[in-house]
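Here it is, the structure, as structure tokens.
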Amino acid sequence: MMAKKASESETISNELVLPNDTNVLGNLMGGKLLHWMDISSAIAAQRHSRRVVVTASVNNVSFNHPIALGDVVTLRSKVSRAFRTSMEVFIDVTVEDHRTRETIKCNEAIYTFVAVDQHGNPIDVPPVLPETEEEKTRYDGALRRRQLSLILAGKLKAADATELKALFNPE
Amino acid sequence: MMAKKASESETISNELVLPNDTNVLGNLMGGKLLHWMDISSAIAAQRHSRRVVVTASVNNVSFNHPIALGDVVTLRSKVSRAFRTSMEVFIDVTVEDHRTRETIKCNEAIYTFVAVDQHGNPIDVPPVLPETEEEKTRYDGALRRRQLSLILAGKLKAADATELKALFNPE
Amino acid sequence: MMAKKASESETISNELVLPNDTNVLGNLMGGKLLHWMDISSAIAAQRHSRRVVVTASVNNVSFNHPIALGDVVTLRSKVSRAFRTSMEVFIDVTVEDHRTRETIKCNEAIYTFVAVDQHGNPIDVPPVLPETEEEKTRYDGALRRRQLSLILAGKLKAADATELKALFNPE
Amino acid sequence: MMAKKASESETISNELVLPNDTNVLGNLMGGKLLHWMDISSAIAAQRHSRRVVVTASVNNVSFNHPIALGDVVTLRSKVSRAFRTSMEVFIDVTVEDHRTRETIKCNEAIYTFVAVDQHGNPIDVPPVLPETEEEKTRYDGALRRRQLSLILAGKLKAADATELKALFNPE
Amino acid sequence: MMAKKASESETISNELVLPNDTNVLGNLMGGKLLHWMDISSAIAAQRHSRRVVVTASVNNVSFNHPIALGDVVTLRSKVSRAFRTSMEVFIDVTVEDHRTRETIKCNEAIYTFVAVDQHGNPIDVPPVLPETEEEKTRYDGALRRRQLSLILAGKLKAADATELKALFNPE
Amino acid sequence: MMAKKASESETISNELVLPNDTNVLGNLMGGKLLHWMDISSAIAAQRHSRRVVVTASVNNVSFNHPIALGDVVTLRSKVSRAFRTSMEVFIDVTVEDHRTRETIKCNEAIYTFVAVDQHGNPIDVPPVLPETEEEKTRYDGALRRRQLSLILAGKLKAADATELKALFNPE
């Protein structure tokens, strides 16, 4: 299958924080943002694979900055690497103060999707071709993250995770 | 602050999968489940801390089993450990086939929350007292997960993560 | 058909009151609670019958206590009695003040469901086996409530409603 | 306070049954209809009292006819009688087959509301002036229903419910 | 096909403005009103044609009056004229101050619908028979609006739009 | 006030068509698209003015192409011209077949917004600086559309609408 550029899957979405998206402090609830990130990254994975995709896992989402009612949230999703039937997608979230129009980076998340056929069975996807520096760094890191997730799931022995081992035991 | 039993925070919710929660294959979308898990685990953290809580991070959610339209999804959330102002919450998700009433475990997720006062500033929470075997295992693992997350965020050196180091370099 | 314990159908749900669920006074609107009670009690009836169920009637819901934005509402539903194809379900609603964690009973409702096959035709359900004192009291009362509802619907003469007659004309 | 005609409170609403309002058989779920009835009857009570109103109780809702996806549901709400601070509202529900435009009566429900001031305290409402035959029948029945509901709530002795007693013990 | 009276398609809806329908000033957002108007006018077109209808165009909606949280919005839709397979529908929107019960006209909108068969292909609809003064004025104006819209879409030359030409070049 | 480039207000959103957004034919309902267009164009107007904005009018939205369940809808909004306190925004809507990834242009709409201060009073906005051919064409057309809308609202005599007059009465 022919590789596709990472940039071809880029998906941008802008969302307005409405009252029902907020908690009692008037800030965006985490669960709503997780939902928006899932839809945005699913569209990116669908663009890369031209298939129906289903969420396989979510990793390393951190919420560093409260987002207020009325703020505009921008989500940028891009496939970082593909592994046979699965795709890792990075979502960069920024929020825009509508008066100053200052843009603050407030989240970064990684979702993994599997492409499926009409019966729901996994199906192969094209490899990803990273071009920019950031795309290359994320492409390289994807293997390390995959090993870590296989270890945590008990499907890989720590001793065989060569990429990760180096991290903890360098010489 | 006096420790509270893990079981005191337990929060059960049952959700019915409706048409708008499903993808084109008729299965529950990941983003909707992430949203339900956020609300359920936030209630558990709120019960433990008796405070308003905000989502701090989401880790290691994997989706292993398609959940169909009309299925009943049961979420069980419980605080596994507290670190000064933050709480780690485990969410166990089962799905019930309404004809056989067979119950299948289909997800396990870990969310972290921070307790805040009325101005949104972090505030101390009580320690957790684990009682069952499972509660103790999750309590112990929480420290390892926290080190890993601090390393990934660049706030801790791998060399100082004693718990994790042992995992990759045992003797 | 073999009788099933009332407790086997028990269904617990926890809901967080969000802005869109509230009226201009900031309290939970009755219609939203009626909706939550319908879903919770439908799951209980579905658990008892292992069938698709449809709402047949709603009786005696009273709203005694305002429930505020941000409160946690807990619904406990349990089948109280079955009549051939229909099931009476009690829903007990409590609300929890998230600071004191004081739990206040605020509603009690009775919904009736009919089990149906895939064409929507009524189908037999197992009898209910009450065990606790409360389960027995509710089981006994179900017949009286059924007579009353048949009278109100013009399907039973008041003179034939022996259980009810005794209530108004004791000696 | 001057009496107001029952007809002045009449409130009509037309709703289209959307996918998310339906169960696995493709029919309108009871809970959604209960929600629509609450909003429609609340507007009628608000029109009668010119006050914020809160739902006090729901009685005798029966679901006799499945309503399908794409059908148009018409709700007609009208205050039937007022008791100092509370109002009984009848909701008549019809459904329209969009091909034949045949209109089928499918539900009748009774909701009770209390008018409140800005602090949520009950406040007096004008009496109702019934004009048509149906309005008069419903006005008269309201007292009987109120006695029944007070008995069921344990706030009135059956022996003192003169209107109801006659029903079961005619001589 | 036999003509049908304009009044036969009349569709009334009452909506309550909820928190999630409002912007940061606490007023109804335009997009929500556009959505309500679409459903209300679609029901009117469906009543006229007894067919499934799809929105073809929206013209000349203006928002003149802020509508507040808790207000009751009344929409009155009526088919003004039919052109073979399409129908023009007028929607008159009023808002009611629930304290004074003063009714203010706040919007007027024109939507056009096409009737379709089960494959989504356009299908003929009955002509409209206007009766009141207002119905006649709107019926006459519909031709002018149709010419204008054909010109704007580049499907009619301005010189051939006799009705419109007279407006700009009267003698 | 210093002019701002049209491109600075550009706002892109991607939406996934979910079951509840569709009609009985399984296609996106017009009202839902109108709602999405309102939010997308409001964000563009907010970016141009750095103010809260309210929808003033909607013109000339036509729906030419059915959009199916599961399709990805892309909305691109950009301020085309500003008139003291109001802004005209163009929304270009494309839909993407997720298998072929073929992109079809399916709608073009024009919304007008007014910038307001915290009391809801209109407030001045910066002029727009068009750069591309398309931006210039839309900028020029905006005056003609404004005259037409003032005529239709009865606020301008046709004889004074010089731009429009030329269109119907060229010599």
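We call the chains A, B, C, D, E and F, going by the order they appear; numbering starts again at 1 in every chain.
Here is the rule we use: contacts are C-beta pairs under 8 Å (C-beta built on N, C-alpha and C of every residue); 3 or more make two chains touch, one makes a residue touch a chain.
Please read all numbers here as calculations on a predicted model, not as lab measurements.
Visitor: Chain by chain, through touching neighbours only, how many steps does the shortest route from chain A to chain F take?
Guide: Counted as steps through touching chains, the separation is 1.
Visitor: Greatest Cα-centroid separation from chain E: which chain?
Guide: B
Visitor: Farthest chain from chain C, going by the mean of C-alpha atoms per chain?
Guide: F
Visitor: Go ahead and note the Å separation of the Cα centroids belonging to chain B and chain D.
Guide: 43
Visitor: I'd like the Å distance between the centres of chain E and chain F, where a centre is the mean of that chain's Cα atoms.
Guide: 19
Visitor: As a quick test, compute the distance in whole Å between the mean CA positions of chain C and chain F.
Guide: It comes to 49 Å between the two C-alpha centres.
Visitor: Counting only residues that touch at least 2 other chains, which ones in chain A make the list?
Guide: In chain A, the residues touching two or more other chains are 19-20, 23-24, 39, 42, 52, 70.
Visitor: Please list each pair of chains that are touching.
Guide: Pairs satisfying the touch definition: A-B, A-C, A-E, A-F, B-C, B-D, B-F, C-D, C-E, D-E, D-F, E-F.
Visitor: Within their complex, state which residues of chain C touch chain E.
Guide: Touching chain E from chain C are residues 19-20, 22-24.
Visitor: Quick check on the complex: what are the chain C residues that touch chain A?
Guide: Residues 18-20, 69-70 of chain C touch chain A in their complex.
Visitor: Please output the residues of chain E touching chain D within their complex, sorted ascending.
Guide: Within the complex, chain E contacts chain D at residues 11-16, 39-40, 42-43, 46-47, 50-52, 70, 72, 96, 98-101.
Visitor: Per the contact definition, I'd like the list of chain F residues that touch chain E in the complex.
Guide: Within the complex, chain F contacts chain E at residues 23-25, 27, 29-32, 34-39, 42, 52, 54-63, 66, 109, 111, 116, 118, 120, 149, 152-153, 158-159, 161, 164-165, 167-169.
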